[in-house]
């Protein structure tokens, strides 16, 4: 049991990255419109986030410094401030979207409009971040989020046409009626969602909160190499089940209810209930992840005291930032902006902000002053360098693709 | 030691490993023959704002200055003789409690956070 | 000793300022200060690290030991350290935050 | 000085880009723009009707619970409403466009009615009838989509 709980951080981080509200819908939409022609993007994303999360976890465990410490230290106060502004924008927008996502999940269970749930969710989230132990939060929401495995079961029960799916996955490209621009737009969005900056902020800060030391490197690796692939698998299962159900019907997906339908179709009410519970846990977990990340990044940029291990009165600035983040997120939703569309925008912006976060990680992971003989090996460096190029390419392509394809609308 | 690389922008921790702030700037003294030496670490948004410069930097420094308990006191100074060692952080030989309270932290603690129930409990 | 009224120097004032040689040619900008502990235990400035590039922050690639991944090494070498040098402080007799008259000859 | 020059270039580029966008958004729609809009509307309506049909079928099979069906119908109804609104908002610029609009408008109206019937059906017989109608609408819309793409 202890083993299982020790990877809760990795699982929660991965869930926030791979199956938060935007990804749940984006994966389902990609599955409906393109089949599994984006399967390779998920694989590429999983390898990329594993590689960089492993580095940041290692740096945090050995040196006790979280990622935004490194960003400031290596890029200087000005560039780091630009990165802070960009990351904070992405993180707060995502936080707002996740609050809406929790509301949407509750709406599916209660038929009460999600906007009425949002303030309630926000208060519960704040109380959780104010009072509840970090390990408690990650265990409850990380592990409950795993209920989304129901999508794997549903996919298997739907008796899919595996031959056609295999063909889509191995010969990727847009099907008839879709163009390459839209295809690549989805590819960039799914890739960015796998590597969102707040994942490494959260994971490395969580490592500090859990007081990992060089002795916990095994735990850190375990977290990374189990948690993120698991998150990727859940995302893939959503894509697969959506491709199986909606693909033949030539249907597109843009609401959470539609995403859940394959589970009802395959497993009835019980499956549907599990899917909704999974949505709730995953989006709430993502809301916690993004909420805490706002506090982490600001506090680490300025060198303030942060974290849930301290009494709130000893980390007053950190807790104030958390409160502001949540309030801004709620205010954003109260404009009745569609939370799902909101995350689609944030994915594009986060693609742009990625390089400034990942570059310092790669640099410091090679620094012997920091890591002694635990610096990157050849494999970590090769993978890290290749991904740095990919991340830069995605950052450059994101905005033009968004404009050309009108947010993938065609 | 490389001052900009190893000191500037590093996290400062007190004797017990609690964060004090960042090395936002460094004050140099002059020896008898006029050679500069590292005299003190400057901590806080005042020093940071001055360093960032431009309109944004002036704004950051201005806000910090307004919050400061005594006007014109300048940023918080930590004498370099209090530094016990430098690794991934700058470690001090004193406790944070012996240093002046950062003004923003003190203000938010007294006016916001402490008024919320449960502020004194670690979770 | 600086006169009483003069505000103490800050490192940020020195960084990124120009260094010229005796003939007035720009050698580069200060990227870092190298210090050594003197007998009184003070970290005194031995030399300044200068670069020709405009990017002040070098991600640490101006240091002697090089360990980074190949890609970043190349990038750093190409963009940042095309001309990196070290000028001893004693060759900068009139250095001050606003006036950077360089060493008598190129270092 | 160099910094100022660069700033001017950046500012000019930004203004040009913005003007381009403004022009692109404000110029009167031509036939191909209208065609794209109609395609989008048809697709939205098709998805909404298909969602309604799917939900209805699952209700008949006892695979979903009430609140879920209510929210799903609500989403579909909202999407259908926005499709119909968009169709009335934009005037067709030429004869072909007009023909397209006249072709799609009655189907949208019928689909919206059937969606309402399904969402408010009180017994299985009515629900089954509404779902059958919706599936017919879906097939019609799919045919149009294939023809227009």
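In order of appearance the chains are A, B, C and D, and numbering begins at 1 in each one.
Just so we're on the same page, a contact is a pair of C-beta atoms (placed from the backbone, for glycine too) under 8 Å apart; a residue touches a chain by one contact, two chains touch by 3 or more.
On a predicted model such as this, the values are computed, not experimentally measured, just so you know.
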item	value
Relative to chain D, chain with the most remote C-alpha centre	C
Rounded Å distance, chain A centre to chain B centre (Cα mean)	33
Distance between the centres, which are taken as Cα means, of chain D and chain B, whole angstrom	56
Chain centre separation (chain A, chain D; CA means) in Å	29
Chain centre separation in whole Å, for chain C relative to chain B (CA means)	24
Of all residues in chain D, the ones touching two or more other chains	none
Shared interface positions of chain C, touching two or more other chains	60
Contacts with two or more other chains, residues of chain B listed in rising order	51
Pairs of chains in contact (touch as defined earlier), listed by label	A-B, A-C, A-D, B-C
Complex interface listing, chain D residues touching chain A	36, 39-40, 43, 46-47, 50-51, 54-55, 58, 61-68, 70-72, 74-75, 79, 138, 142, 145, 149
Touch list for chain B against partner chain C, complex	1-5, 8, 25-32, 34-39, 42, 47, 50-51, 80-81
Residues on chain A engaged by chain D in the complex (per definition of touch)	107-111, 176-177, 249-255, 257-258, 260-261, 264-265, 268-269, 272-273, 276, 409-410
Chain A residues touching chain C - in the complex, by the definition given at the top	74-76, 79, 359-360, 362-363, 366-368, 375-376, 381-382, 384-385, 388-389
Chain A - residues contacting chain B, complex	63-65, 69, 72-73, 76-78, 80-81, 130-134, 302-306, 308-313, 316-317, 319-320, 323, 369-370
